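Each of the next two complexes has chain A plus one other chain: chain B in the first, chain C in the second.
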Partner chain A sequence: MKNKSLVLSSRMYLFAIPALIIYLTFWIYPTIRLFYYSLTDFNGLSPNYQFVGLDNFRQVTTSPMLTDAIGNTLIFTVLLVIFGNFIGLALALGLNAKIKGMGFYRSAAYLPTLFSAIVIGFMWTYVYMPDRGLIASLMHLVGLDGSNFNILGQSSTALHGLIIVAIWRSIGTTTIIFLAGLQTIDHSLIEAGEIDGCSQWNLIRRIKIPLLRSAITINIILGVIAGLSTFDLPFIMTSGGPGTATHTLMFAIYRLAFNEQRFSLAAAFSVVSFAIIIVITGILVLYMNKREVEM
Partner chain B sequence: MFKRKVLFFAGALCSLLLTLTFLTGCGNGDEIVITIMASGARQADSKVFVDAFAQVVETQFPHITVEATLLPDDQYYTTLAARMASGEAPDLFLVQPRLGGGANSVFSMAEAGRIMALSGLENWEHFPQSSIDDMSFEGRPYAISSGVAFLGTYYNSDMFVEHGIHIPQNWEEFLTACQTLLDAGITPIVMGDMDSFMIQFGLYQIVANQVYPINPDFDLELYEGVTHFTDPIWVQAVEMYAELYERGFMASNTLGIGQAQSMQMFVDQEAAMTFNGSFNLEALTATDEFEAGFFALPANEPGKPLFTAGATSAGFAVSSTTDYFDEIIDILNLMTDGESELFDAWVNQPGSISIYSGQELQHDIFEDVMKLYQEGHSFYWANQAWPAGLNDEMSVWFSRIIDGQDVTPFDVTQAMQNHFEALIGN
Partner chain C sequence: MKAKNRGKLGIHVGIIIWLIISLAPLLIVFSTSFRTVSNATSPIQIFNEFSLESYKLAFGRMNFTESFFNSLITTGISVAVVVVLASMAAYPIGRMKTKGSKFLHILFISGLVIPAQMVVITVVQTISGLGIPNTRFTPMIMFITCSLPFSVFLYSGFIKSVPFEVEESAYLDGAGIGKRFFQIVFPLLAPATVSVIITQGIWIWNDFFFPLIFVSRRAHHPLPLAMLGFMGDSQNPTQWSVLFAACVLCAIPLVAAFALMQKKFVEGVAAGSVKG
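Entry: the complex of A and B
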């Protein structure tokens, strides 16, 4: 007797085959190859490479490059998520008000998201430029000494300089997600709160933020993924420097693969990074989902 | 009925695909496409070589279509490495001499069997042996370069004249010149160390005077474990470069300035000098406000000869996966014949200093360094003998000195030695 599904004919699964083939070819196969290369001494050029077991992983885990990169990446991610969400939420609350010209303000808030990383990186290097940049010029204008303003040129501040740019770039998306969440809140709840004498702060704290849980979850997850996979800004703006002050996980992988021609070591680094990102994202998703269910 | 319709459409689709395949294959069998890839940037007022190459080749060889790609330096290295790894290398592409430039060095490519020997070219006798050697691996030439490139010191000659400074001939005179400028309220040197590769521009000039004249085989002996970066001559070279920062001769906050910004500052006369290469001639002399000059950084002691850091420029190599080796050899023979339009386009690239026999020096600004080069007072750029990535480690550690961290020149050389050993697998 044939097993016939009441929902979907088994023949319909055939239609998933093209997508499955593409997925297997362009995602699963390269990932498996990456794992394979991590066990060899492949340099990206020579077809004659040897199997070296776990040597690359031994090198990666004992290298200061990994600890530097993990440290920088985590700081970058945490600050991006915290400040990005706070500023995004504040902007969304402001942009949700009924004032004249709101369409313009909303467009303006979203504008930075439309620029490519190259444009943003190039622009901000001039904003940050010591003595002659936008910030230094403004400092001169108000009588401060802008000649020593050198945020990207000092290892103690370079990473923070990049984080500010990353927040500026992502704030549009974060704000839009919060704004969409705010607009789904039933207005009768706000009115009820107002009738009960809630202050504006309590309305935000007791009604709006709890009802924005889903938006907060999305923004945090997106922020964490963006932070952990950061490559473009350190590459464009600081070349990972000064020293290794802005080496992120992805930048370190790039440096190993393309600057040092150690593809197999870069592959091992990628595998370790992959594991770290999966673990962090997995824990976060589980935690956030649990919190949402509890609500 | 439905099945018939499906079969009909499937059959029609197959027929269409077969017809298209057939028609595509029926083109003129002699017509070929040659791909060429190079690094560089398009300038508004001059034609880049790959475009000229495509135009001339398509005119001279009507059956050849050229697909030319020009990429910025960083993107070029990445793209080439990725295309190599995937077996999709362009037919012709730029490689760096010796081990320079990492993955796209002629040694790495030839050793991996990625490029083909060019022994069969007709015009090798017009090139100096040093240039051929720089592009050879195991005695056979694998790439062909049109010229030489120098690292040097661009200077504002008006400022020098105004403050009575003559071109310095040794390290002491150079430091005195810097001090004179500083005392006059002028920033002596500007660098864009945020692009950390710029650290190499000054340091390699010092190494050409402090390391190689004492031991020309220093790098060869590095691989044998006889010499080390921690040897006093290399430490001394790093100390000398660090001294320029310690004594305030460099512009402040160079780690917050990129190469483009530093070049603009030089052009805007905010500093009297900058270390850079002959390859950036156009950008650094793009002004009528002052006359710019170029000299080899005199890192020599008084009474000792001055050496310049001159290196064979990047040259074209032929991919081992090309199907058109014979056609490409014909093109390369035309490109090196000394008289064709293609030859002119090749040797007259912006910033290029031709070493082809009988060619006159096009840029007077390089007269002094060219003289040193021709007299044999020249050494290659240090990284051309190093494994890929060692220059990055050097820049990372030296930038810590600039940043004011507790790092000494010896620490820089120690880090270089450690990294060198890791890279060569010791």
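Entry: the complex of A and C
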């Protein structure tokens, strides 16, 4: 091994330069600019702008749109992560049993993850449509009165309607990650449990789930990242409405910047979102890592 | 044994119920797309007509051929560039154990948590500041940039598992650092490359956000953006057959790719999680 330092010369760092240039120019630099603009009154066009200190932040924190967007985003993330993981885990446990047609089931379960958000949005707008949509039609069919049924049109249910779509879309990926985790479990552990007279439920709870720790970690982190950056479903299906019922952080930023041309306010909003996202994912990653080491 | 069989039956029933609920919208969309525009019966009466009229209309309205090739070119080039740049950047990160490589690692994975929509306002400025015009190719800059964090993360995990000895013996045979990476290390990273191509390829193909921001000319629209033209129609039952035909047309390229390479798709999605 005496050659190690020769083999691993620092010229290796040259390999990172092309990616680094792109990443710094189009990701890190714009992020820094965002912090800068949040302290100005820049409107996106006029080059004559001034520093206004923390004015934008004062506006942001007193605007009901921000509190609504934060609340909606958190509800969205929590429900997506909880239900997405439960359904995905149940489906993976089912698919992992050696049953006929498993390959077909798995492919069918994965199908929804292949569609563009636009297609998904159009499809589910039909599913939810009052009176003539899929759910309303089925309600008529079984004799229920579907005329009051309007998930996306009511502030109290619109967000949940979108969350169901997000779960539906993410299940395929969640399931495949759980399945991959289940397939790495040493079969002798399961057999040992069976010989000891473990019930199926105990096999799942005491052996499989603890060994799925890293798959669970990844699915939760992926879910949290997806939930906190939710944009496309409210954009396509509800335009953030009714009112601000389906405004998420990213939707609010988009609206401020591109529909209302309030560039600096959008930047301040971004900085606040950035802080929220960093704090939540930071706590999560630390907590998860600790749990994994303990296991 | 009996209990086990009953258990299996239960699993079948459970999975089938889930699939019916979750695939019902797809089935209805598919069946309605084969209707003529004048068919006003409820879409839940599935497959009550078979005509390609709606497909013809949708095909023309979304400018399918052109949009398809715009998607194909931009996705293909972006993914190829990501594979090359991310694997190269991961090389020092996975191999070196210095402060510099650790810093690079953290710098790249911190990008995983920043949503693209958040920085887009200043990205627009940066790109126009550099004098880059809005064409079908402009979104590629952001496709590549946003794919880097995950891909670098994945590749660096895989590079760690490539035995150092293979490089050492190549070094003793006189192979330079470039040759060692491209001819010895990179081919051993094939599972990671499959994973990057599949996972990043899917999101790039389906993304409408960056094209929405950066592509102005109709002829430059990729498939998902061409779909935006149908935006109002989802509220209008008389337009459903054409709208759903457009949905099927938009989805079919990826579904076909999935049907042909199911194993690669599943491995690709799973590989990212197992190594990560």
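Here is the rule we go by: the second predicted complex is superposed on the first by the 288 of 295 C-alpha atoms of A that agree within 3 Å, B and C clash if a C-alpha of one lies under 4 Å from a C-alpha of the other, contacts with A are read in each partner's own complex, and residues count from 1 in each chain.
Convention: a contact is a pair of C-beta atoms (placed from the backbone, for glycine too) under 8 Å apart; a residue touches a chain by one contact, two chains touch by 3 or more.
This one's a predicted model, so the numbers in the text were calculated from it and none came from an experiment.
Peer 1: Could you say whether A:G44 touches chain B, chain C, both of them, or neither, answering first, second, both or neither?
Peer 2: both
Peer 1: A:V142 in the overlay: touching chain B, chain C, both, or neither? Say first, second, both or neither.
Peer 2: neither
Peer 1: Could you say whether A:F263 touches chain B, chain C, both of them, or neither, answering first, second, both or neither?
Peer 2: Both partners, chain B and chain C.
Peer 1: Could you look at A:M129 and tell me whether it touches chain B, chain C, both or neither (first, second, both, neither)?
Peer 2: both
Peer 1: Residues of chain A touched by chain B versus by chain C: which partner has the larger set?
Peer 2: Of the two chains, more chain A residues are contacted by C.
Peer 1: On the A-aligned overlay, A:I195 touches which partner chain: chain B = first, chain C = second, or both, or neither?
Peer 2: neither
Peer 1: Applying the document's definition of touch, where does A:L91 land relative to chain B and chain C: first, second, both, or neither?
Peer 2: Once the two structures are laid over each other on A, A:L91 reaches chain C alone.
Peer 1: Overlap of the chain B and chain C footprints on chain A, residue-wise?
Peer 2: On chain A, the residues that contact chain B in one structure and chain C in the other are 44, 125-126, 129, 257, 263.
Peer 1: Give the list of chain A residues in touch with chain C in this complex.
Peer 2: Residue positions touching the partner: 3-4, 6-13, 15-16, 18-20, 22-23, 25-31, 33-34, 37, 44, 87, 90-91, 94-95, 97, 99, 101, 103, 105-119, 121-127, 129, 132, 134, 137-138, 141, 168, 171, 173, 176-177, 179-181, 184, 200, 214-215, 218-219, 225, 228-229, 231-232, 236, 249-250, 253-254, 257, 263, 266-267, 270, 273-274, 277-278, 281.
Peer 1: Please name which positions on chain B make contact with chain A in the complex.
Peer 2: 77-78, 81, 84-85, 102-103, 108-109, 111-114, 193-197, 252-258, 261, 387-389, 392, 395-397, 399-400, 402-403, 405, 422-423
Peer 1: Using the touch definition from the top, list the residues of chain C that touch chain A in their complex.
Peer 2: Spelled out, the residues of chain C in touch with chain A are 7-8, 11-12, 14-15, 18-19, 22-26, 28-29, 42-44, 85-86, 88-89, 91-93, 95-96, 100-101, 104, 107-108, 111-123, 125-127, 141-142, 144-146, 148-149, 152, 164, 167-168, 171-172, 177, 181, 202, 205-209, 223-224, 227-228, 230-231, 233-235, 237, 240, 243-244, 247, 250-251, 254-255, 258, 262, 265-266, 269-271, 273-274, 276.
Peer 1: State the interface residues of chain A toward chain B in the complex, per the touch definition above.
Peer 2: So the residues of chain A touching chain B come out as 43-47, 59, 125-126, 128-131, 147-148, 150-155, 237-244, 255-263.
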